[in-house]
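We call the chains A, B, C, D, E and F, going by the order they appear; numbering starts again at 1 in every chain.
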Amino acid sequence: MNRVDVLMEAMPYIQKFHGKTVVVKLGGHAMVDPDVLDTVIQDVVLLHYVGMKIVIVHGGGPEITNKMKAMGKEPKFVGGLRITDNETLEIAQMVLVGKINDGIVSLIAKFGAAGVGLSGNDGNLLIAKKMAMQKIMVNEIEEEVDLGHVGEIEEVNPEILERLLESGYIPVITPIAIDRKGLSLNVNADTAAGDIAIALNAYKFINMSDIDGVMNAQRTRIYHRLNYSEAMNLIKDGTIVGGMIPKLSACLKCLDNGVRHCHIINGNKDHNLLIELFTHDGIGTMIKKKS
Amino acid sequence: MNRVDVLMEAMPYIQKFHGKTVVVKLGGHAMVDPDVLDTVIQDVVLLHYVGMKIVIVHGGGPEITNKMKAMGKEPKFVGGLRITDNETLEIAQMVLVGKINDGIVSLIAKFGAAGVGLSGNDGNLLIAKKMAMQKIMVNEIEEEVDLGHVGEIEEVNPEILERLLESGYIPVITPIAIDRKGLSLNVNADTAAGDIAIALNAYKFINMSDIDGVMNAQRTRIYHRLNYSEAMNLIKDGTIVGGMIPKLSACLKCLDNGVRHCHIINGNKDHNLLIELFTHDGIGTMIKKKS
Amino acid sequence: MNRVDVLMEAMPYIQKFHGKTVVVKLGGHAMVDPDVLDTVIQDVVLLHYVGMKIVIVHGGGPEITNKMKAMGKEPKFVGGLRITDNETLEIAQMVLVGKINDGIVSLIAKFGAAGVGLSGNDGNLLIAKKMAMQKIMVNEIEEEVDLGHVGEIEEVNPEILERLLESGYIPVITPIAIDRKGLSLNVNADTAAGDIAIALNAYKFINMSDIDGVMNAQRTRIYHRLNYSEAMNLIKDGTIVGGMIPKLSACLKCLDNGVRHCHIINGNKDHNLLIELFTHDGIGTMIKKKS
Amino acid sequence: MNRVDVLMEAMPYIQKFHGKTVVVKLGGHAMVDPDVLDTVIQDVVLLHYVGMKIVIVHGGGPEITNKMKAMGKEPKFVGGLRITDNETLEIAQMVLVGKINDGIVSLIAKFGAAGVGLSGNDGNLLIAKKMAMQKIMVNEIEEEVDLGHVGEIEEVNPEILERLLESGYIPVITPIAIDRKGLSLNVNADTAAGDIAIALNAYKFINMSDIDGVMNAQRTRIYHRLNYSEAMNLIKDGTIVGGMIPKLSACLKCLDNGVRHCHIINGNKDHNLLIELFTHDGIGTMIKKKS
Amino acid sequence: MNRVDVLMEAMPYIQKFHGKTVVVKLGGHAMVDPDVLDTVIQDVVLLHYVGMKIVIVHGGGPEITNKMKAMGKEPKFVGGLRITDNETLEIAQMVLVGKINDGIVSLIAKFGAAGVGLSGNDGNLLIAKKMAMQKIMVNEIEEEVDLGHVGEIEEVNPEILERLLESGYIPVITPIAIDRKGLSLNVNADTAAGDIAIALNAYKFINMSDIDGVMNAQRTRIYHRLNYSEAMNLIKDGTIVGGMIPKLSACLKCLDNGVRHCHIINGNKDHNLLIELFTHDGIGTMIKKKS
Amino acid sequence: MNRVDVLMEAMPYIQKFHGKTVVVKLGGHAMVDPDVLDTVIQDVVLLHYVGMKIVIVHGGGPEITNKMKAMGKEPKFVGGLRITDNETLEIAQMVLVGKINDGIVSLIAKFGAAGVGLSGNDGNLLIAKKMAMQKIMVNEIEEEVDLGHVGEIEEVNPEILERLLESGYIPVITPIAIDRKGLSLNVNADTAAGDIAIALNAYKFINMSDIDGVMNAQRTRIYHRLNYSEAMNLIKDGTIVGGMIPKLSACLKCLDNGVRHCHIINGNKDHNLLIELFTHDGIGTMIKKKS
């Protein structure tokens, strides 16, 4: 019976991760494709049942854009950042909290565990301040732009997460924070997830998006294992560019603050999460302080 | 200093309610008028700080209707019940969870306490089954109508609420349940609130809407205090009609199942919640098992 | 309804003090006038019910003097200090423990909470050593006087207080300590209360006596708010004299050891305790480390 | 070394009593003779250290009488019951709480354990109601007498005792109860001790006074072991008379309510408490439900 | 990656068994063949890590016989029962406790979990009384035989098991009980395991030996699933004979006392334990109260 | 009654040792003579019942030698160290775990407490590594000898002991450790006991063997009390020789690592353990950091 062999092969990993806290950032297609999300949550529930303490942080950019358009509101971006006026904030909250977050919690129930959806105002989890004016170049002239209700995290209060994890729930977090006056602010999901991993003193931080991992300059192969200084060098020498930079930076910040392993994997491929955790080589990129 | 006299006068009520669980159903204008909601939540936070364990259950019908219209979707009602197709369910979830619930939690933070927003899928709180076909009269012919994603509650799992109350949080609940397969179902907020009060063995169940309380047939005066059989009689003899019947029925079910006091009050008037609880005569209607 | 406005106005203070430990020293007329004591204890019970952890330390000098005279024993003072022989100690214990302390606990019961009376030997709460011989001037000649069974506190064991506070009781403490052999020693109530506040790492230390607060040299106005160095200067420049010096010194010692706020208020005026805590300006003197 | 033999001989008793709750009523000479009390408390502390949970309830009649006389107040008794007017109550409280109770707690400290003195108002331990008018014969005419501040126990709230026992303290209780309004009432110490033993579901109730135990009609020998019906018969057939009747009745009430063993022993003789517990035959009288 | 499919397929079983207590009786070749034992313990540790609470009870008859022969002592059996004189008992204890039990605990450590070896005297786990004289036929004459130090279980004290399971250890139990005087008695391992399963209110009792399960009369096929009455009938109608009768009886006793499932499987085949638990049809025989 | 005097005399010691952890190493004749062991365990149970937390570590060399000879296996020693081949290890384990350890646990049950027998593999208590080759002189030539399965302790994991002590059990430990691969290694019992005392931060470490204590060079008198430097000097100046050196070294290591008192006493004399602990002068040798 080969199924038993597989279970035995997975055992050392199950032992190693037993009781460990793992923060999983879910982004990309998983947020818009129900089949992808279905598979990811199934994996998450399995991790829960073999003894890990899982916290999910999700994004949701594309879905917000879709809904805005459906409601006749044109999304505006300046330098890649969404300008978030009152109406955009309301739509973002409805989509992130009322649709995506709620949907993930329902999927967790469907697969037999119990999730609890949280926004940054629940239990004062994420406290942020409004982001400063952004300087951007418009027609070769530097202009200052107000991004609106966009914030950067100042404080994470992980007590609510600790209570829920102790009681056996899987917390599912929307990256909307509140400021000191209780007003909502959109925050970057990668950054929020990293900060939460640090506040929980997590063992692993896993960033799942649409890309396969950190790749070489020619985009011909994935670095499956990197240490801190190798990753640093890939940023410095220009191998890594674009959207991978903030993802990798969030990982390095985590490693600086006690998180043991960071992973960047592609969430769109079936069971990549399990393959990354339960096989020797993994499938995406794992970064550790020291190799 | 007369403020001290007032504090002293409130003391016996504070003592009496200390450590007691109170479920508050919020409905009506409070759901659409930010100023009304502001005052109500301020009162709730005060109750929390003088030692009560508060659980909020909110409605949101009018706001759903508004948003549907804004998105070009015509709401349909049959016999007073909203027909909830896929699109309507999605909008309802976004409005209830992503806007109203989230807004209440932010207000709680603004007034200095910590709320946690929950939907029926969080911690498997509310399990429902799809409501049976409804028989209605259309042009004097009885027809059967499928209400769509509308459910009736089969099971309340209050553990998540107990954990949160123990840890000092104020749970805020949206009346959307899940069925055994994890699919969402709209449920009646009054009924959900009553069932939650029963599951928590609450001391009080308070229903706040736009009406002042149970009134006599001439609508000239409020019954401030009713016992179980008096309330029963007001239903039987036709004094009470319309939307008050389900509200009062939910109260009677609560009293049948161990809840000590039920209140029906108008949430639109400033601090009615405090006046009802902290004055001898109250301002709305209180129903007890025995007078 | 203006009572609600008052409650709302009190809310920020209730929030701020929620769960905080407050040590209240009761002295002066409250110890001999039942009506004054009645009002003070009513206030204390209200503070308990809105969430503070209250510890009472009481004095009782005048009542001891009365009882001694009633029993035909002449009180003797040398340099303002009571000489405490065996008989005096026995009378002091009976009056302080058997009458004043017991009376306060009964009043707490009357107003609906539960107190527990303690002397310094209960749970080895206050350990003291006999005070050294005092040098005083008699007819211009320095003499040494033995004050008898009078001690200075060497050690506070707050465990018994912590257990009682956790279980929801209000501890009421008589300032009689024991030495290492189990013998009783009278100790100064102001000092004992301050030392207990420090041992409990209290948030506030409130000294209630017959004086309105720290006053200016002309005794024309009260300093409602002082910081540490201002209070220090008032001692140095001679503005403060007499019995206020030890009271203020106990406050400064508290501030030096982590207590956040010290208050000196007049306990004889109705509800001064509530007014001091629940109004912006207060009514007596509050001293903080930094203004 | 014969000391070791003694320890080994005591071992089965130590094992049997380990973790058991024992209520000890202290009365008689122990209340007025410091040397007797010293020995008794030494024994009590030893029992504490070999693992029993000890609760002391003390009396104090003779000392109250002494103090009243010293203060020029003539004690009045009607039919053996002390008439307790306001002044008498005050003196009784001062003597019982401020002197005897406090003294016992100090002795416990002296012998190396930690006691906590309690009156019936501490933690609402003993709730009583005023005793009804007593009918007595005066010159062959029946008269009704008001005993004043004398009560009979209606309710025992043992929570404060349970908290203190759990935390390793020895509670020491004065038999003064409070009524529902917080007023003090003198209660019979034997009865109070028995009621406390019942409320704590104690293993043993030990009544220590100046008599050696239950004796035969000729007062020539002690019954060392009695069962319930034998004790009952000794009352019925007139063997037992006078002050022994209430003591034995308190024991029988205890046995009726789950206390396992009751003992009546003479506290004036050195270490009778240990001899009764640690030797096969004991020295006083032990009463069990069944022999 | 097919390994992930296997993990996903195992998930429903993992969920179902999560936190459940499972008592595994180990007998047969596993006790003498290190390779077999190795595989079994590997499986047990995997069950532990996916969330089950495992208790092992082991036998060891053949190994005792081997050791006795090695020490020049001839084993004696009467009617299939080992006669256990002093010397035999000593050898049995040394082999069972000092070799087999200890070896199992070491294997658990080798595979990454922590076991704790227990005999029936540890924590007074198994209390037994000497077995009565056995009637056997010798040359057609009935004789009574004293089996020596052989007992039947009177009492199981599962507290020590509960403490160890709570703390994450795997208890490993040798079937040697003690009598009320502390003397050792050999007890039947199947019976002991069943009684322990009942005392722990276990979810499953799994009996692993050298036989494949309950078979039909022709020994041509295994009954994979039986209910209580079917199993009963197989005994009554003579289908089951010999050593299977006591094994099946222990199962039926378990089902009568609240254990949910009993399994009889062959421990000699690789990973039969996992196959039985993690596949739909299993590999041995499962007996439930009702099918 | 002189028994009471003895109890009173023991009281200060009972108080002092209450709740303290004491590790007792049992060796010498106690391991082979049932009567001696009986008395020692009786004493241990008494210590348990008067409030100490006792951990027993036992040896068993002579018994292993006896059993080896009985099984026709000749014990081999090189330089005083037992050469432990596979067969010797198996016999040692059977004797130590299956006979001596098990016997001690049964005796504890006999005297009314509850023990739990442990080997170094239980709860991964003792982790060791194989001892390096030993250099010995054979015919004036240095040779290297492999002692076989003999280890030195690298790590003590006291969690299992802490759990058992908290739950009121007396742990009884066999000095067989496991290496990182789960293989058994014989370790020196004196060293193991000392290391366990250090890991538990014990108050006392008591080494019971066949010798009366540390003696002067002439062997004419015992040093009843030694401080650290005195003991050191006795080693340096050659007063102490032979087997006492490792015993005393284990004591000094304990004192260096926080154990407060070490005792070396003769376990063969009746109740020496109690006499050493409960009398002023003791009977063996006590070593403290400072006298």
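In this section, a contact is a pair of C-beta atoms (placed from the backbone, for glycine too) under 8 Å apart; a residue touches a chain by one contact, two chains touch by 3 or more.
Chains and their UniProt names: A, B, C, D, E, F = Acetylglutamate kinase.
Since the model is a prediction, treat every value here as computed from it, not as a measurement.
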Comparing C-D against B-C, which pair counts more contacting C-beta pairs? C-D
Could you pull out the chain whose C-alpha mean position is farthest off from that of subunit F (Acetylglutamate kinase)? B
Centroid distance [mean C-alpha coordinates] between subunit D (Acetylglutamate kinase) and subunit A (Acetylglutamate kinase), Å: 68
Per the C-alpha centroid definition, the whole-Å distance linking subunit B (Acetylglutamate kinase) and subunit D (Acetylglutamate kinase) comes out as 55
Where in subunit D (Acetylglutamate kinase) do residues touch two or more other chains at once? 111
What pattern do the touching chains form: line, ring, star, complete or other? ring
Which order do the chains take around the ring when read from subunit A (Acetylglutamate kinase) towards subunit B (Acetylglutamate kinase)? A, B, C, D, F, E
Within their complex, state which residues of subunit D (Acetylglutamate kinase) touch subunit C (Acetylglutamate kinase). 70-71, 90, 93-99, 101-102, 105-107, 109-111, 114-119, 121-124, 159-160, 163-164, 167, 169, 176, 178, 181-184
In their shared complex, subunit B (Acetylglutamate kinase) is touched by residues of subunit C (Acetylglutamate kinase) numbered 1-4, 6-12, 14-15, 18, 42, 45-46, 49-51, 111-113, 270-271, 274-275, 278-279
